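What follows is a pair of complexes built around subunit A, which joins subunit B in one and subunit C in the other.
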Partner chain A sequence: MRLPAMLLVLSFIPILASPAELTIELRHDGGDLVSGALVYAVPDERTSAAEAPTATMDQLNRQFVPHVLAVQTGTAVQFPNSDNVRHQVYSFSRAKRFQIPLYEGMPPEPVVLDKPGVLTLGCNIHDRMSAYIVVVDTPYFAMTEDGKATLTGLPAGSYSLHLWQPRAPAASQAQRVTLEPSEKLLVTLQTD
Partner chain B sequence: MTGKLQKSVLVFSLCLAAAASADKKPIFSGFALLGGASQPQGAFIAEPVAAQLQMGIDWYPSPALGAHVHLVGRTDGGDSKHGVLGIAEAFVEGNLFSDTSRLRVRGGILFLPTSFENIDALWENPFTISSSALNTWLGEELRPVGVDTTYFNNGFMLGATIFRGNDTLGALPPVRGWALSNRWTLAGEKVPVNSRVFTSVSAETDSRLGWSARGGWTGRHLSLQYSYLDNRSDGLRYDDLYNWNTKFHIVGGGYHAGAWTFAAESLWGPTFLVVRGRQIVSDISATYFLMSRQFAHGRISFRGDVYNDGELQDEALTLTYMWTPTRELRAAAEVSTTGGTSQVRIQLRYRLKAR
Partner chain C sequence: MAIGLVLLQAATWVAVRVAARHSLAQTVEDELLVASRLFDQVLETRGQKLSDSARVLTADFGFREVVATHDARTIRSVLANHGRRIDAERAFLISLAGVVEVDTLGGRYTGQPFPIPELTDPDAPERGGFGVVSFAGTPYQFVVVPVMAPEPVALVGLGFPIDRDLLDEVSQLSGAELSLFRPRDVSGAVLISTLERESAGEVRRYFESLGDTSGTTFETLEIRSQRYGSLARQVPTADGSEVHLLLKRSLDAAWHPFRTLELQIFLLSSIALLGALAAAKFLAHGVSQPLERLAAAAQKIEHGDYSPGLQVFDKDELGQVSSAFDKMRVGIASREAKVIYQATHDGLTKLPNRTLFLDRLEQALRRAKRAGSTVGIIIMDLDGFKEINDTLGHERGDDLLREVAERLSHAFRDSDSVARLGGDEFAVILENCDVAGCIEATHRIKGSLEAFVTLESVSVAINGSIGIAVYPEHAQDAGTLMKRADVAMYDAKKNQTEVATYEPDRDEHSVRRLAILSALGQAIENDELELHYQPKVDIRTARAVHVEALVRWRHSELGVIFPDEFIPQAERSGKIRLLTDWVIAKAVDDCARWNNEGLDLTVAVNVSALDLRDHRLVDDIRSRLSTSGLEASKLVIEVTESAVMKDAGRAASVLEELHEQGVVIAIDDFGTGYSSLSQLRRLPVGELKIDRSFVSKLKESADDTVIVRSTIELGHGLGLKVVAEGVEEQADWNTLQTLGCDMAQGYFISRPLPAADLVEWMRTASWGRGREPSGRIA
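Showing the complex of A and B:
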């Protein structure tokens, strides 16, 4: 190929590789914006398992922090106890069953979440403590704040868009979107 | 402790000792308390100087199976019989679970899980030295001996308890009166009601089972719970134990956001004993409201109590400051006042490292 033609082709590569950005606006049927929901985009071309650093689910003032933690499949989750009382953390969910016996401070080993799904966490001492870890097969996820969440760094391509929220755990809607390179797309989802 | 109970404790302890050599060892935890209080009077029944050691032994070899023992040793046996050393709680636990729900079954002697202030391990109250009149009474006179089942699903909870013992539940409020204390009755202990009769959580004299049911919901910050209990006691006297037939409702709630905690519970219901064929009924009630704020190395709590023994109503206000310079050490000071009387309490708590 001649040099000018090569240069012309090479000049398009940055555009082809430019990641897209997807903003999701989430509203109730009545029109109110919804915060605290998890939105995630699963690409048709699956990515490899996470190489992300350890995620953290803390315990502070007898509450799990955060209330909903989203991680990619394969992430190792630490459960530090920042309280000055002991907790006994468990999950009986199929995605990962485990129990950390009565402890304070940092447990010796993180828990590796190697299957997608939802973990319902509890404490066997404080029955009213609860939280969720949502394990997803994608690195593109975010929690809505003021009704919106923005996913960045998405390669061009097709995705299925999903929603999960604690009050409607079974309502995982899927909507298809296709993103062009460098595109910034706004999608509005509705929930019950 | 009674002979039967001693044998049970020995067998239980041997099982735990055997488990210590197993792959999943039991965890030993607990704390030591040293406390002082100004002269007890009325609802303020603390001993001037008292020390206690509370130990928990927990063995959970798998998420499906576990066991727990709560032992107490103290210097203030007071006027109780068998109240110096013993078991506050001991149960085995099994769990059945699905993806989002859990069925927990506990069998043994256990605290009824209703309290919004005694929320820590070993039924400890992290907010104040003395508990409310409501939970002081439950800690003194109620300890179901039986089977408790709790179902958890997506923030909702349903529970039920079938129990023996607790035939004398209901004696203290109408006869001795309500109290603000942190003294939990032990299995087999006999607490004086007056100069002639005692109350005991282990009292089983009428061969009738009692029952309790509860339901609740927990959201991100707010928890609500309703409970009902009926000990189905026959209300008759058996030597130095006088049975009281007691039924009550408890409505409670807690709100937790950041460093702030708010809690409130209300209990009401009739209790009666039978004297010469006639029921003597007292309608008892107790309500409290708690407000507490956690700081980096301490906590300040304020509680208001209102309680009625069936004839007279009284109120109390309690202010508590807790200082926790380290994870293990806590120093607390508390002042409570009701009508014309006040009491000051101080307490030093050292928490043992879990092993």
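Showing the complex of A and C:
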């Protein structure tokens, strides 16, 4: 089945040939800039990852690092323990339920997250340790810094724009946006 | 006072009891309130503890893992398992949306909304909560805790029944009995109680009788004759079910320590009462009574009663006061006695003085009045005491008085009250004594005073004049009696009778006498006096040759006042000189006039002893004579024998001077005085007038005839003319003529006549014309 695949890829070349850029500005209702939020744009025409991406969720000083990790569906996430104590990592989330028993250093295998969704991570012996892994069906995602996040290399086309914040209720409606080739678009989103 | 104390104690006891009861009720109420709060606190603590236990439970990793499997059966078993660990009877797994996902009650609640949503907070599920709820009528403490993985993924609810242990715990801590009810409970039983079944049943019945119990109600219950304080309230529940709490404390039990206290107070107060009574008694005995005695003794002294009566027992301060008081009493009594003695006794003679005498006299009179007997008083005045004082000195005089006092005292009994009235006056009271008895007493006095008194080698004779007055004869009261005795004494002195009894007549005219005395002064000025002239007739020629001037006083109110009334008064009051001057002036003038008219008359004027003491008399007469032009020999000055003798020396010199002028001196009332012949010889007397008392009884008394004859011969012997006064009958005239008397005067011849009448009489009466040579009266 290589040919259809190739054809599929080739059909996208013109699109891929001139990538657009999308900058999102995120504000609260009151007008303040919101940082630390994940924005991602899911193209209408999904493609799977070229090769399986990898990601890392580290543990240091009784904390998961980073607190929010966004990965594309299918990413193999590694959980190195850079801390000076052992940790036990677990997730009871539907997106992936797994457990790494008490360990130090590097666990033998990464965990492949093959379903989109949100994983809430915890450490069995350290109640305060928690993190999120947001599995999304797109490679185009970024965390807002100073209220802004820029997504690059977006082929022209239509996307649904999503927002995710820890502990925030699910976004009511995803915003839709259409990008022209080489367009640099600025979108302002509001959140509660 | 005792009753007051008892009442006070009773009142105190009652007050304490009432206050205690009230306080107790209040205390029990407060305690119930505390117990109620304690119940809440215990419930809260328990809930907290259960919550903590539940949290530990749900943090268990295995538990969390199971929950994550969403395997209901496994979850149920784990719930049951873990629940048992902490004695939870009911367990639920609740979704964050509030829906029961698993329950250990046979799935009854699964899929339903959690029946106690109040225990969860959707916005903050990790908080959890706990509260009281009811399941099937039974109260539970229900706990809801989150399952953290690591974020809240679900809730677990655990129910723990509220059992008796909880109530017992509260009961033990607070001492109250607790009962939980659920009203309108179908079963009708008390839910849980610390009480026995029967009591619980009764409590419940009471509880159901309460109406609205939404608030906190305090009541006093009586169950089986025991009294309780109770508090009824609702327990706040999370599911709105009604659970009621009743707390109960026995009032009787709480009163018990008070009862002991009450008894103690009663005992103490009784002891205090007894103690107070004893103290009061002691105080009364030790202080009040002695003070009362002291006050009573002071009152006695105030009223003049100095008799002893204060007994002194104690040696302390009160005793000292008492003994000092007693000494004071004695002192006062003795001083008063001394003062009284000094006030009632004469210092010199130690006899009672006038004051005491009068007092005793009054007492004697009172006795006599009651007994109907008599009381006599004697007042004695020493004769010539003044001379003795002057001659021998006052000290001798005092010695004399003392001697007299002593002799008198010895002459009488003590009961007769010999007293010195003052000066040289003494007095005696004789009870049951009439006039005769008093006179007899005077003999005793005379006897006692008979002996000479020797005053330092000088012997003095004591003579006294005594006056007697007797009750009730002479007076009815002491004052008058004394006055009359005094009058009697004066009479005795004047008449030299030594003793005189009061004669009422003497005093009859005392009022009149005073009137006379006071009128006398005016009489001369008011021309009330008149001179009447009584002729003196020469016996041989039967012709009036002399007239005696006699004063007549006609007073407008008192009538005619005779000379023997007013002349003594004039003498006593010093008015005699005025009188005499007036008489002399008038008489001289009248006589001068008569002589000028051809009547050859000599006028005789009476002069008193007092007048004779004054040499001015001589000058007055001289000037009168020269003024009127009357010859001195036509004036006769008549003086009484006794008047001359009174102050013989001076009288003599005055008479001598008058005689030198040519005035004739006549001795009046001759024979009644105590003159001596030698004295008589020395005086320049020209006339002797025989007193009428001898003349009036001439025909009766042979003795008087002898006296008259002797007097005439005596007079003739001395070269004097003799005049007879008081010739009232022819017989007297004849006798006198026979006896050779020179002149006669009396009513036989004429009464005293006023001047005008005299002139008339001289013309018409035979006496005026004289006797015819034949000797017959014309």
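Convention: the second predicted complex is superposed on the first by the 169 of 192 C-alpha atoms of A that agree within 3 Å, B and C clash if a C-alpha of one lies under 4 Å from a C-alpha of the other, contacts with A are read in each partner's own complex, and residues count from 1 in each chain.
In this section, a contact is a pair of C-beta atoms (placed from the backbone, for glycine too) under 8 Å apart; a residue touches a chain by one contact, two chains touch by 3 or more.
These figures come from a predicted structure and were not determined experimentally.
Engineer: Answer with clash or fit: subunit B and subunit C placed together on subunit A by superposition.
Structural biologist: Here the two partners, once superposed via subunit A, clash with each other.
Engineer: Using the superposition on chain A described above, determine whether A:C123 touches subunit B (first), subunit C (second), both, or neither.
Structural biologist: The second partner, subunit C, only.
Engineer: Does subunit B (first) or subunit C (second) touch A:P101, or do both, or does neither?
Structural biologist: After superposing on A, A:P101 lies in contact with subunit B but is clear of subunit C.
Engineer: Could you say whether A:N61 touches subunit B, subunit C, both of them, or neither, answering first, second, both or neither?
Structural biologist: First partner only.
Engineer: Tell me which partner A:N84 touches in the superposition: subunit B (first), subunit C (second), both or neither.
Structural biologist: It touches subunit B, and subunit C stays clear.
Engineer: Looking at the overlay, what does A:T150 touch: subunit B (first), subunit C (second), both, or neither?
Structural biologist: Touch partners of A:T150: none, neither subunit B nor subunit C.
Engineer: Is the number of subunit A residues in contact higher for subunit B or for subunit C?
Structural biologist: Comparing subunit B with subunit C, the partner touching more subunit A residues is B.
Engineer: Of the partners subunit B and subunit C, which touch A:F92 in the superposed model: first, second, both, neither?
Structural biologist: The answer is both, since A:F92 touches subunit B and subunit C.
Engineer: If the shared chain A is used to align the two complexes, which stretch of subunit C, 27-35, 63-71 or 351-359, clashes with subunit B?
Structural biologist: Stretch 63-71 of subunit C has C-alpha atoms clashing with subunit B.
Engineer: Output the subunit A positions appearing in both contact lists, the one against subunit B and the one against subunit C.
Structural biologist: Common to the two interfaces on subunit A: residues 90, 92, 97, 120, 122, 124, 127-128, 130.
Engineer: Help me check something: in the complex, which residues belonging to subunit C touch subunit A?
Structural biologist: Residue positions touching the partner: 59, 61, 64-65, 67-68, 148-151, 153.
Engineer: State the interface residues of subunit B toward subunit A in the complex, per the touch definition above.
Structural biologist: Residues in contact with subunit A: 24, 27, 29, 56, 58, 60, 62-63, 66, 95, 97-100, 102, 113, 119-121, 126, 150, 152, 154-155, 157, 218, 220, 223, 254, 256, 258-259, 261, 294, 324, 327, 354.
Engineer: Please name which positions on subunit A make contact with subunit B in the complex.
Structural biologist: For subunit A paired with subunit B, touching residues are 61-63, 67, 84-86, 88, 90, 92-95, 97-99, 101-104, 117-118, 120, 122, 124-128, 130, 166, 169.
Engineer: Where on subunit A is subunit C touching in the complex?
Structural biologist: 90, 92, 97, 120-124, 127-130, 167
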